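What follows is chain A paired twice: with chain B in the first complex and chain C in the second.
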Partner chain A sequence: MTSEIAGNTLRDEATRPAGGPPAPQNKKRKGVTERDRPLWLLAPGGLLIAVIILIPLVLALYMSLIDLDQYTLRKWLTTPFIGVENFVEALTKTDLLRSIWISVSFAVVSTIVTVPLGVAAAVVTQNPYRGRAIVRAVFLIPYVLPSFVVATVWRTMLQPDGIVNSVLHNVGIDPGLWLNGPMSYWTLILVEIWAAWPFIYLLALAGLQSVDHEVHEAAAIDGALWWRKLREVIFPYLKGPVSLAFLLGTLNHINNFTLPFVLFGAPAPADVNVLPILVYVTSFQSFRFGLSAAMAVVSLILIAIPLFIYLRAVKLDVSDDGGKK
Partner chain B sequence: MEITRKNFLIGIGGMGALSLALAACGGSPDTSSSGTGKVDGTGKTLTVLFSTKSQYPEEQKAWFAKTAEDFKTLTGATLQWETFASANDEMTRIQTSVVSGTGPDVYGLGTTFTPTAYSTGAFVKMGDAEWNKVGGKDKFVPATLGISGPDANNQIGIPFVSRPFVMAYNTEMLKAAGIDKPATTWDEFSDHAKKMTKPGQYGLAIAYKDNFDPWKFIWGMSIQGGNPIIDGKKVRIDDPTVLAAYDAYFGWLTKDKAVDPASVGWGNAQALAAFAAGKAGYFPMTSPLSIPTLDKSPMKGKYQYALLPMVPPGQTARPSGGVEAASILSGDNLVVADYSPNKDLAFAFIKMITDTAAQANYYKIFGEIPTNVEAAKSLKSDPLVAPALDAASKSVATPFSGAWGDVQLALTNIAVQTIPDLSAGSVSESALSGRIKTAQSTAQAALDRAK
Partner chain C sequence: MSTQTRTRSATRTPRKGRSAEVTRLMPTWLIAVLTTLLCVLVLVPVAYIFLASLNSDVGVARGEFWPSQFSLESYTKIWRSVGLGKGIINSLVVSGAVAVVSALIAIGTAYVLVRFSFPGRLTMLRGLLGLQSIPGTLMLLPVFVLFASIGAWVGITIIGTLWGLFIAYLTFALPFSTWVMVTYLRGLPRELEEAARIDGASNMGILFRIIVPLSWPGIVVSGIFAFLLGWNDVLFASIFTKPNTATAAIVLQVFSASQEGGAIPVYSQMMAAALVCAAPVVILYFIFQRYLVGGLTAGGVK
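What follows is the complex of A and B.
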């Protein structure tokens, strides 16, 4: 039985191209063949995506259209439908747009600084030398430390009477407040950079590993010196991984809740009232679940637009085959 | 993965929604009472949600085990403890439980969180029958019932412990400054603070960056001036009493220079540490929970507690309409979930842990003031704790409104946003008025939504 089916399958595969229907139908037939693939095997993954992504997304969209708060939570299925009112309120009566601006600018600045740092670190640890393993391990320390720990340590160091200010006072500098006021924005960026650059480093290192040995040899034979070799031979290899790192890094920064929350607390100082903190405070301190869902949706849309353009530009979302289609 | 990352922004809303949805799928159990008389809980499990005590983790574990054992002996039922670390964890638990109709049978709630819990309508309202099941309303210190519900007929909270706020003072520093008794008005408090400030020491230890302390000061001074902040359908943050309160509160640092400038970065624990190190004369807004820390410090035997001043700033006596408020009504309430199928068992459990002996024992382990009349009375002989008991009886409940959370947040936010000015050494009235105006409008909007 099994062999017969297998045989049939094989015969089908073998005979179809040779069976030679006319050209236009051939294209259609190809589509059918693709559909015949056992796509149902993707069902577990599909189910997971539905449960983890699609259902929450749909629920968030629904929540953003209803007046869900502490008073209506218990009967949330019969909560009044208020259309776009939450959206209007989010855009006109809350700090949403300012928070989006703070989040996006902070994320982009952090990424712009971490990318050269990460790439430089990867290049430095590319060639073997004595102690390289230790350097690589040390580089990963900020990455493996939990965000909570990183933020707590930095918060302690940056207190008005903390170690950073003590040291600066000793050399005659009065740095002022780190954790509130205008400087808090730069504190957030500084700590984020400290914690996040190894992510770029890891992806850049992976990119460097993919450079063929022959390429290094060829560059050497052609007499390319280190800078030229780096710029014209190695960096083109890194374009893909680093672009991906840029994108993911920026999204991770925008999405980082723990770091600002532990560093500054809630309610946050106005200069670091980033998006996740705003949504959190709206949800869990003001209990305006509908409003916070609307904020999340607005942010998603606002950030998805440049993201989409960027994705198309760097073609991260299309494979080679897809690109030809 | 990529889609996941694109969707990160719906994180909080989305995941919350997911948990709601999944919980909703769980269905709701039948709600039934298990008869009359002595509660037989054989084969049943009662789930209780309590906050973790990070200060006493081992002691709490032991207390959990012992209480479960006693409960088993009493009713035959198994007691299952669950814990939460913060009010936000707790709110998340309540949300999922409220929506799904499953979850803990009994919740331990912070008193100021009780109005929010009440507004969800998910907890049992205490009638005479229910009060009788926990041993009668009379067994509780009357003041502790002040935040159990909006009025005497609509109560959900059963007082468990009381944490009244008092101020600690350094007896030696007061003596050295020629102060014979602790301040009773806020102006006197400020004068004493100035007198005690000299190189190496400050009159006051204040936690300006704390996420809770600031609003407690402001509310306290305001109600002493006759402004309860929420007055019927109107929020009164833009009232002159509130501005005067902030002026006094920030003035201790900017005008009196009686506070360590580093305190703009302090939470309550850091202010306590400064007081414990003998660097401050007064440490207002603390409770007897600080006894273990202080007794392990050089301050052992050199500190006392006193009531916080009860005459508003700028006044020598409380104005007419001013309330004699020593503290916010603070502590923990117990509430029973409406969806619980084990209500009688839940009341039996609450009766057990609010009885005299159990409350006295709880005080011995954790230093939390009993809400049980008899247990509280027996503590009056301890001079260290007596002011706290006095404060408990003079505690005033914060307004019982679902909007209180937002009012509290708005008051705290004013302090948070003023910290850069505080650090620079002066708070301009125009900046402060602007922040007060913003707070007024957000809090009023929240009150307008209150149902």
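What follows is the complex of A and C.
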């Protein structure tokens, strides 16, 4: 009861300076909170992230510089330091460059196809109609299914004697092998597209919902045709979310290990030997740990470029205090 | 602008679009065509998976789309032939524990990050986003070496136990779970907390009496995403488990890989096993759909 009353008076007090300069309010709040900040609450998460993410990151860098294999793994602290030899070997004697090319082209092609699909899906479910909830649920199915399930069922369907081939055979097409040979690259892209477009749809949907009703009304009053309205009025609103979707989608594709691993197994056919699979196989099947760490570091550099753009674009702090905007 | 959008959808305000005519973006026929195409794209494979799981292995091998005879036989066989039960229990235990613990840690961390100012705060927020995108393949080897070394020094086994998986998933879930809570807590009004503080409530009192009761939707979202991370992972589980600690994903993957070259392919059982593995996730999504769809876009990560 008392807290309720206090709440009311305080709310008045708190809302009052909002119109004025925010600086004094900030100072006051800092005074209250600075005395006993429960910073220890950061400890459990911070400790875990430090031990399981940050230390291993440093470890990965270190391991990329030493001659680590299955014989030296047990005494990795005393393993000879060989400098950049692993990197030189990775770039000149392994499939690394080819894998980078496969990964990047696969990611970019997948993104280029999924973005229009996702945006179209968001646009067609924008207006309420009977059964829209069901359509939206259907659109989410590929997203909701775990990657390993998606990969397993497609692997089954794309077997040489699987349903896809028998259906195509019935209409007179003989597609051959999906999971081996040059076709496997396109199989990977197809399955990735099937699984990934709803992610773009969700981001585009959030973008569409940020369009104010007044904008629609203004466009309607102007009598704009639907495609002009879409292109000139609505799409500019989607620019932010779609760029984000483009970036994150590409990152997700490049980092995707589960889909190629379950679809093709490891070692993968040469045409789908994407970066994550190459790193994995070099580590845990060839046991060239140092070499694999070097490859992983190279792939991190590759990922850091879009990641950096992403981090610069996201506004970190929307709260009204403590942030240096 | 995108941050605003995401904050808003994370706190889930009601949709707008009162007048359908004004907000219509396409002629009805085009909406119908596109909707149908997209639904077919999704539903045809899904329908086949269901039908095949209700078929017999022989029927699927014959290339039947529509089963000549429906039976639930595949659903009863997989428990013995695939050994799916153990895998599902392992997955539930690890992912469930990760969900609960990561939600607990995330809300504490997010509370401090949102409500208090201290040096390094922005770096931590940026770190939360950056850490989500670190490729698992980069982490796998050093974490493996770390676990093996710690295990050897302390004299315990970590690799091959569910504990190793739990710690790894928990840590990898934290950046995203915390980020979800950060976006959620930002949307909460400050007044209640300040009132409680005037009444003499401690920081922990405020956290547990005010923040936690108000943040259930956020807690659920952050817990579920942590659960999904564990449930969906193949990379770490493929190295960190032994046959008796294998998760559902690994059991299914091993089963599926072992079918190659077999005399009689058991595709029907494969479909049934895949659907059983997907079931907990699908159920979670459709129960909490309202919260999740907002949360997905909050961090923009699957």
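Assume the second predicted complex is superposed on the first by the 247 of 325 C-alpha atoms of A that agree within 3 Å, B and C clash if a C-alpha of one lies under 4 Å from a C-alpha of the other, contacts with A are read in each partner's own complex, and residues count from 1 in each chain.
Rule of thumb we're sticking to: a contact is a pair of C-beta atoms (placed from the backbone, for glycine too) under 8 Å apart; a residue touches a chain by one contact, two chains touch by 3 or more.
Because the structure is a prediction, the values reported are computed rather than measured.
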{"item": "Touching partner for A:Ile112 - first (chain B), second (chain C), both, neither", "value": "neither"}
{"item": "Partner chain(s) touched by A:Ala206 [first = chain B, second = chain C, both, neither]", "value": "second"}
{"item": "Chain B versus chain C as contact partner of A:Leu41, first or second or both or neither", "value": "second"}
{"item": "Partner with the higher number of touched chain A residues, chain C or chain B", "value": "C"}
{"item": "First (chain B), second (chain C), both or neither touched by A:Leu57", "value": "both"}
{"item": "Chain B versus chain C as contact partner of A:Ile309, first or second or both or neither", "value": "neither"}
{"item": "Chain B versus chain C as contact partner of A:Val149, first or second or both or neither", "value": "second"}
{"item": "Touching partner for A:Ser286 - first (chain B), second (chain C), both, neither", "value": "first"}
{"item": "First (chain B), second (chain C), both or neither touched by A:Ser166", "value": "second"}
{"item": "Touching partner for A:Ala270 - first (chain B), second (chain C), both, neither", "value": "first"}
{"item": "Chain A residues contacted in one complex by chain B, in the other by chain C", "value": "49, 51-53, 55-57, 59-60, 63, 73-74, 76, 159, 161-162, 248, 251, 254-255, 257, 265, 275-276, 279-280, 283-284, 289, 292-293, 296-297, 299-300, 303, 307, 317"}
{"item": "Residues of chain A defined as touching chain C within the complex", "value": "2-3, 6-7, 10-11, 14, 30, 32-34, 36-39, 41-42, 44-46, 48-49, 51-53, 55-57, 59-60, 63, 73-74, 76, 117, 120-121, 123-129, 135, 137-149, 152-157, 159, 161-163, 166-167, 194, 199, 202-203, 205-207, 209-210, 213, 216-217, 220, 226, 229-230, 234, 240-241, 244-245, 248, 251-252, 254-255, 257-258, 261-262, 265, 275-276, 279-280, 283-284, 289, 292-293, 296-297, 299-300, 303, 307, 310-311, 313-319, 321-324"}
{"item": "Of all residues in chain A, those that touch chain B in their complex", "value": "49, 51-53, 55-57, 59-60, 62-64, 69-71, 73-74, 76-77, 93, 159-162, 176-177, 179-182, 248, 251, 254-255, 257, 265-270, 275-276, 279-281, 283-287, 289, 292-293, 295-297, 299-300, 303-304, 307, 317"}
{"item": "Residue numbers on chain B that touch chain A, as the complex places them", "value": "2-18, 20-21, 24, 88, 91-92, 95, 98-99, 116, 119-122, 209, 211, 260-265, 402, 405-406, 409, 412-413, 416-417, 419-420, 423, 445-446, 449-451"}
